[in-house]
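Multiple structures follow.
Both complexes below contain subunit A, partnered by subunit B and then by subunit C.
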Partner chain A sequence: MKGKVIVITSGKGGVGKTTTTANLGTALTMLGRKAVMVDTDIGLRNLDVVMGLENRIVFDIVDVVTGGIKLKQALIKDKRFEGLYLLPAAQTKEKSAVSPHQMKNICNDLKKEFDFVLVDCPAGIEQGFKNAIAGADEAVIIAIPEVSSVRDADRIVGLLEAAGLRKNQLIINRIRPRMVKRGDMMDIEDMIDILSVELLGVVPEDETVIVSTNKGEPAVIDTMSRAGEAYRRIARRLNGEEVPVITLGNEDKIFNRVRRMFKLASR
Partner chain B sequence: MITEDVVIRESKGGIIICLDSQGSFLSLKEQILDKLDSLDELIGVQAFLDVGQRKLSRKESNEINNLLMERGLHLKKLVSRGKLVDFKKEAAAEKSKEPTSPSVSETNDSVAEDTILIKRTLRSGQKVFHPGNIVVLGDVNPGAEVVAGGNVLVMGTVRGLAHAGALGSEKAIVAAFRLNPTQLRIGKHITRPPEGEGKEGKEPEMASIKSGKVVIENFKV
Partner chain C sequence: MLEFLAKLFWRDRDRRGSKEVAKERLRLVLVHDRTSTTPQLLEALKEELIKVIREYIEIDEESLEVSFNNIENSVALVANIQVLRVKKDLA
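Up next is the complex of A and B:
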């Protein structure tokens, strides 16, 4: 089996890299694929918490690199889904504990076993970023509709291109339909215009994500979650299916149509 | 042990690309590309080519020159058998040797030496400096800088910083398909778009200095 390594990155912090990694990993396994999530945020690990696997960690990525621990020993099996694994970061070390070369080896080993290797990149463009992209075949860039986030994403795309990564796709996260409609938020077209990368998906702002993240359950498990639905669609796209991107414009049309129907009925 | 045919070293003024005297030119070219891909932030960097014992034909050195230019590098000097050869002078000497056949590639070359072509979008954090003219086939995004001793021509949208005449020329211009810079500089003049006016230009525009002021006009031939 020869899988692909996808790094999930954004430059800016707090835009949803870890949440996206957790959700896409889970959604891909729900589609029957084997996936492993690699947390490269050494010193500030979060992915284990978001997945609710924190209490199962025995060995981490630094142990694999330096301590003679086998990769298989450090992998944590997910508690809900068969075929989903996590390689946790170390919390007590620093980013420099792993080198890009070592990271590349880990990614190459993992993609022999898994269909998808999702690498959760830390914020910033320093060593942690360089490690995270070292073994990647493709990149997914997360941006939220704010000028500063788009600026950082642009910088990241530049660095990815310089590192020889040619397939870079964009997820626009936390978009608020009402604000876009009022013209108070950057719209999707403007963002794509500046970043000029392929759009992989749009995820709406959704309070259920915060709730599910705090509970250690990815939103994709919740069938009622709008963000979860968006992530499931993105996962299908990563899996090679053709799924149309729901931008908020056409979603509003459906919403209005439903409202109109109610209006008619109430007359 | 495998010896490498192409070695790239960093130096004060830029990078030095050393070629081995063995191996075919084609494989050398591929290796140069591979090596360049593994380095980042090369745009505007000056390159020195050390060919050692190898003798490059005019066509071959032109090919390498073009290849470097596509990546935004500027081939400055050619070093042969430890001797520094000025690329410009050599080209001129070659030209004078065979004045009867001024081939197309040579005429292109003389232009290309003061103008670099950047066939990509400049993104935030990327900076190009070149003493001559700069042509960008792409956008200049916010946070990116394009600084030229001569003119700046952008076949796309300028959203970042453009500086023409950076070495003091007041005659330099900045022209772009869409000109919406965060800051525009010509010579010693620094300008920024008026506050609050959110309107974006919908026509190609050109900035130049007229009676001591930076003026932006619609670009007309």
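Up next is the complex of A and C:
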């Protein structure tokens, strides 16, 4: 098996890297693929607790690179989802405990066994970021429609390109249709226009994400969750299916079409 | 009642498109980020430009504008210079 290593990154913290990693990993296994999520945020690990796997950690990524622990021993199998595994970060070590070279080796080993290797990148552009992207084949950039996040995302795109990563796709997270409608939040087109990257998907702001994270369950298993639905669609896209991007809730589709007609006419 | 209406109207006008402000600010800051330049660099460049151009053309130094612009995926250096007079002795 020859899988893909996808790094999930954003520059800015708190925009949803870990949540996205957890949901996409889970959704991909729901599609019947094998996926492993790698937490590279050494010292501030969170993917375990978001996934509800915090009590199952025995070894971590630092044990694998320095402690003579086999990669397979450190992988935690998620019993709820067939084919889903987690490689946790170390909580008490420094970022420098892993080198980009070692990270690349881990990714190469993992993609022999898995269809998808999802690397959850830490915030920032220092060592942790360099480690996380070292073994990546492609990148998913998470940005929310706020100036700080878009600015950081732009910086990240530049750094990814400089590192030789060619396939960089954007997920716009936490978009609020109501604010977009009244012109107080950047829209999908605005962000694509500014960042000039390919769009992978759009996830609406959704309280159910917090509710499911409270319980240690990814939102994709909640059929009522709109964010969960968005993540399931993104996972299908990653899996090679063509799935149209939903722009701002179906309810104002006609409204948008009319507005666009007016916009065109007024040009 | 009137106050309420005025507030509503004012609020609407005041707040329409805070995203436009965001986009405009982002465009500017990203140009500097992408080219790793600072406003100081532009200021220095502008002064040098004036020095060179002044030798050939009389220009309105006050109205001279130098900025980076995003044109599709690349960055352009745009200078807007008002010419007052071409120096005769050089023409």
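Criterion: the second predicted complex is superposed on the first by the 250 of 267 C-alpha atoms of A that agree within 3 Å, B and C clash if a C-alpha of one lies under 4 Å from a C-alpha of the other, contacts with A are read in each partner's own complex, and residues count from 1 in each chain.
In this text, contacts are C-beta pairs under 8 Å (C-beta built on N, C-alpha and C of every residue); 3 or more make two chains touch, one makes a residue touch a chain.
These figures come from a predicted structure and were not determined experimentally.
In the three-chain model built by superposing on subunit A, subunit B clashes with subunit C. When the two structures are aligned on the shared chain, A:E241 is found in touch with neither subunit B nor subunit C. Contacts of A:S196 after superposition: both subunit B and subunit C are touched.
Once the two complexes are overlaid on the shared chain, A:G164 sits against subunit B while remaining clear of subunit C.
When both complexes are overlaid on chain A, the residue A:E126 reaches neither subunit B nor subunit C.
Here subunit B and subunit C are compared by how many residues of subunit A each touches, and C touches more. Legend: residue contacts after superposition of the two complexes on their common chain; A:D154 is shown touching both subunit B and subunit C. Subunit A residues 151, 154-155, 158, 194, 196 lie at the interface with subunit B in one structure and with subunit C in the other. If you check the complex, the residues on subunit A that touch subunit B are 151-152, 154-155, 157-159, 161-164, 194, 196.
Interface residues of subunit A facing subunit C in the complex, by the touch rule stated above, are 145-147, 150-151, 154-155, 158, 180, 182-187, 190, 194, 196. Interface residues of subunit C, counted against subunit A in their complex, comprise 15-20, 22-23, 25-27, 29-30, 33-34, 73. Within the complex formed with subunit A, the residues of subunit B that make contact are 37-42, 120-126, 139, 141-143, 159.
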